[in-house]
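Okay, so chain A shows up in both of these, paired with chain B first and chain C after.
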Partner chain A sequence: MIARLLPSLVDGVLIGVIYGLAAMGLTLIFGVMNVINLSHGSMIAMGMFGVYALFTGAGLNPFVGVAAVAALGLVAGVLVYAVAVHRVRNAPHLSGLLATFAVNMILMGLGTRFLSTNFRNVDFSLGSFALGPVTVTGTRLAACGCAALVTGLLYGFLYRTRAGKEIRAVANDRAAAELVGIRSTRVLALSFGLGTSLAAVAGGLIATLFPFTVLSGGTYELKSFVIVVLGGLGNPLGALIGGVLLGLVEGAVPIFLEASWVPVIEFALFVLVLLVRPQGLLGARR
Partner chain B sequence: MRWWSRFGLWLSLAIVVGAALLPAISGSASTREAVFTVLVSVALASSLNMLLGYAGYVSFGHIVFFGLGGYIGFYAVSVLGWHLSAAVLAGAAASGLLALLLGMSILRLRGSYFALATIGINEAMKALATNLKAFGGSTGMEMHLRAYQPYGGAARALWITYWALCGVTVLAVVASFLVKRSRFGLALLTIREDEDAAAVLGVDATRAKTLAYVLSAVFPGAVGALYFFKSASIEPGGAFRLHFSIELLVMIMLGGQGTLLGPILGAVAYQKLRSALLTSAAFRDVQLVVAGVLLLAIVLFVPAGAVGWLRSRSRTLHRALE
Partner chain C sequence: MRRTLPLLACLFLASCGKDDSASKGQTLLVGYTASLTGKLSVESTRQTQGLSLWVERVNAAGGIKLADGRVLKVASKFYDDESNQDRVQELYTRLVNDDHADFLVSPYSSGLTSSASVIAEQYGKVMISAGAASDSNYAQGFQHVFQVYTPASRYLVGALDLVSATAPDAKKIAIVHENDKFSSDVAKALDAYARAKGFSVVLDEGYDSSTTDFAPFLNKVQQSGADAILGGGHFQDGSTFARQLAEKGVKARFLALLVAPPEPGFGELGTAALGVLGPSQWEPQVSFTAEAAKAAGVAWFGPTAAEFVEAYKAAHKEEPSYHAAGGYVAGLLLEEAIARAGTIDGEAVRKALESTDLFTFFGRSKFDASEAAHGLQVGHEMVLVQWQKGPAGKLLKQVVWPPQGRTAEPLVR
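What follows is the complex of A and B.
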């Protein structure tokens, strides 16, 4: 049992960090502007196809391609903010949900029209490493390392740079931030861009591990929802821990039950946490 | 009460009944199928509007009640051999019960948290249905043709199902009207504007919200039972389709949330548009894109929806449209 459990748990943690990265994008946007970004899934899918296109088209190493995808994600996010989110930033929350969902419909529609819904995969290998009973593939290790690196960069940005401090100020109290001279519209646009970029990077990393279609984004979007609720909406560190937790659940459950029970347990956990501790397991600042 | 004080109700009923009678006049099965789809949307959108439009609670996973009612009704007819009418009542009751249980807990959550919770519940139910062998697991269940015998064969059974759906739709519209004009409806509108203030004014917010949630779940339960009886098969992906849930929100926004006529017009317009796009060569592949652009335009520029916009134009329209 332990011999089977240990490798799945290690795999679970490695993938969990990547899930956590995607969820961080969602939670950053929510923390700053109180909008649950329902275009999150299509941004993840865009990241997947970005890495795939650069790899198959230009032969670019997927872990280098992810950097380009991050930049594209930032631009795409700022655009989505300008077109769809800016006008509803002070409207009731239904408007934000529906506006971002409309963006999702448009992107999914374009994606299924032009990219078809066939399965793709990034055929790239870095060998595998064995340590005692545990064997992990090189790509999984590299993807997890990338995700950890991006998380570190995000924290450095949020805590060490002026722009990052402005984001935190607006998240804390937008009116007060405006009073001390922070231009909140720019900050909101940048936050939305960053959140989208994180989703795209996570998508790009997932693409190196599993086959995917245009519609795969939706699955990972739902995982992000579960994670942000576990970690507390608006709390990036909570998202990372929630991601690892979800990875562990995904690793451990199939040992004891059929794999199809994983979503039942995930969503039951999700609803339970919302009911018992809506502020998340970490008891976030909100 | 003068006759025009109920003009909004008569207008809404006239539209629903008028549409419902179309297939009876032409007698064609294809018209019936088209109207069936529209009426399903009208009934579901009107029910969801009681929660979303009146109480201001955004249920993103409302389709869970349609799916649950469908599964319970299907099981009752095909496995237990119940009569359709009993199965429809069972579907409605099961959905109402689930809403009652959930309502007592998740309605404590506000805003985005509630919306997220409803998505989670729908996904949890879908995953559960996928795993329950008694309900056919991931491949779902099929109805045996024998099940249509007591209704005089499959062809007649389809007509019976159609008329039953018309009945449920009319009931949902009438219920929407009665709720809106009642003291209970006023309590819901107060909760929508400011829940804390409503509580201070003596509104029992928990009870009102739970009752609205149950009411908005009962009709989708009945519709689900009818829908899957007619389609003769049910599987988790089709029963708990989150996308349909969100289409309902689009219909309500299109017509105007919180109005009686809005969800009806919105549902009819959306389904008309959708079938027009699906059958046109130029737009068939991009119907999702067109629907997305339309939704975005409404949310950004006409958040009150068509009926809400019309009502704000003149006093006469404000009084005439409910």
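What follows is the complex of A and C.
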């Protein structure tokens, strides 16, 4: 039984860390500014296309390309914040939802118009290796490694740097942070940029594994919501754990049931957590 | 004189009208949708290119010649359906009501065609279904839809025959297929055929059309110890499945996938494509000839395979796949039926199609005219291709089944 389960669980954990990274972007933005970012999916798709363009256009190794995509994501996020989110930062939840939803629709529309909805593929392989009953593909392992590295860097940034501490301070209490001289607008813009950058990096890593279209971000945005609810809204570590859990579910369910049951079980879990433990497994920590 | 002038004028106008139609001829409009974008864009673009080539060539030859001497020019109108079933219904309704299409050609894929078939039937328009193999579409009682392809139920049975003949000890098969109408029809027929032939079906499972991560299936297939993996769906998922199977190093002696392998672009997968089998409706190497048609006692119509390949290559700078050939033949079958009916009256052409039995470069075409399976293709036969290494190490598509049409011996992976 273990031999049957192990390969799927390993695959699940490896992809789960990447899901977790995407969800971290969503939860960081919510934690700092109480905005549920509905443009998350299109940012993931932008990351996918960024890596694809650098790989096919400039022949850049996709795992190097991800670093450029992270920087571009940061800039794009700050821009979206300035254009759409800044005005509604103090408005009720619905305004933030609608503003980011509008950004999403614009980006999707532009993407469909100029990039079409045809599938793209980053044709890059690192082969595979076997460890007992488990065969791991190189790209999956490298993508997971990159996601873990970015997670580590994010934690280092949030806990070891002044800017990171300011983000945490604004997340805890924006008014109090402003009173001690923290310029909250700058912090909010940076947080939105970071959240977007994480989504773009996750998208870029996913692009090294699977084919994608302009509309593929939506699938991973939905997964991000499930993960964020699992881990606790506003808690980046919870998002990582939630991501791994979701990956495990995706790996384990097809062993016992047909793979088409995976979304049913994922969303049943989503509803169950909302009913039984609405604060998520790790609770919201701001 | 006052009375005779208007009468003369009327007669003059009437004669003008008559002369006009006789000299310029009529133009008939063929309407269809193409998936220029979305999941089915690769196959659909080929089909559209084939159909457009037919329109160009039939017009360049003067048009469709009717028995009474009239000559019909062909115009076509199409929209992008985005590989989306809802768009198909909307667009076919527009083609019939706003564009006044005389005849319809189906979109690519069984799923989209089932939507278009409802509209064709509702408005009583003859529709040639070009790239739609699903059997179930022809069990709905539709009277106006005629299938070009060999039906889905016969797609992969040849692959199993090849497995039996090449490696009689290979008894375990895994069926992993897309969960759409066409691939499910193929898998159902394949499962029944495999069990009847004494194979053990160790895995039979469908995947969602939007699947991009095949890891769960790869692990299951690997653990099942299958000798042959059969299934797939369309180009996008099939090529992804083949790539991930190779990347993960899943060993199976045979891998046969639907739709993707016959497409020339499949060879770009490199080693992941090596040894992959695929059922094909037509290949350039398989040449049906007028002599073969005569020997079978059936009429021949249209260009030879060499002429089609040459014209297609000149227009599109690539080898035609069976999707391209299917698009061309859809036009050709319509042309022959209109010419035989001697009119563009839908009912007369429908009757002519019911009695169609002819050979083209694509092979034989004959439609079931019974109530139970009206429009189902009963004349056409498929071949099986395999990607093999050529003399210069380049991957080449070879015909490996049936044995009498073989261009190379089958390769066991």
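Definition applied: the second predicted complex is superposed on the first by the 283 of 286 C-alpha atoms of A that agree within 3 Å, B and C clash if a C-alpha of one lies under 4 Å from a C-alpha of the other, contacts with A are read in each partner's own complex, and residues count from 1 in each chain.
The rule is short, and it goes like this: a residue touches a chain if its C-beta (ideal position, glycine included) is under 8 Å from a C-beta of that chain, and two chains touch if they have at least 3 such contacts.
Keep in mind that what you see is a predicted model, and the values were worked out from it rather than measured.
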Fit or clash - chain C, chain B, common chain A: fit
First, second, both or neither for A:11, with chain B first and chain C second: second
Chain C, chain A and chain B - angle at the middle CA centre, rounded to the nearest 10 degrees: 70
Chain C versus chain B, contacts on chain A by residue: B
Touching partner for A:226 - first (chain B), second (chain C), both, neither: first
A:137 touches, of chain B and chain C: first, second, both or neither? second
Contacts of A:260 with chain B and chain C, given as first, second, both or neither: both
Which superposed partner A:211 touches (first chain B, second chain C, both, neither): second
Touching partner for A:250 - first (chain B), second (chain C), both, neither: second
Contacts of A:109 with chain B and chain C, given as first, second, both or neither: first
Minimum C-alpha separation between chain B and chain C after superposing on chain A, in Å: 7
Shared chain A contacts, counted only where both chain B and chain C touch the same residue: 112, 258, 260
Residue ranges of chain B touching chain A (in the complex, touch as defined): 52, 56, 58, 60, 105-106, 108-109, 111-113, 115-117, 119-121, 123-124, 126-128, 130-131, 138, 246, 249-250, 253, 285-293, 295-296, 299-300, 303
Residues of chain A defined as touching chain C within the complex: 3-4, 7-8, 11, 15, 112, 116-119, 121, 125, 127-128, 130, 135, 137, 139, 209-213, 216, 219, 250-251, 254-255, 258-260, 262
Complex contact set, residues of chain C against chain A: 36-39, 41, 82-83, 179, 205-208, 210-213, 215-217, 219-220, 222-223, 236, 240, 244, 247-249
Footprint of chain B on chain A - complex, ascending: 30, 34, 36, 83-84, 87-88, 91-95, 97-99, 101-106, 108-110, 112-113, 222, 225-226, 229, 233, 258, 260-261, 263-264, 266-268, 270-271, 274-275, 278
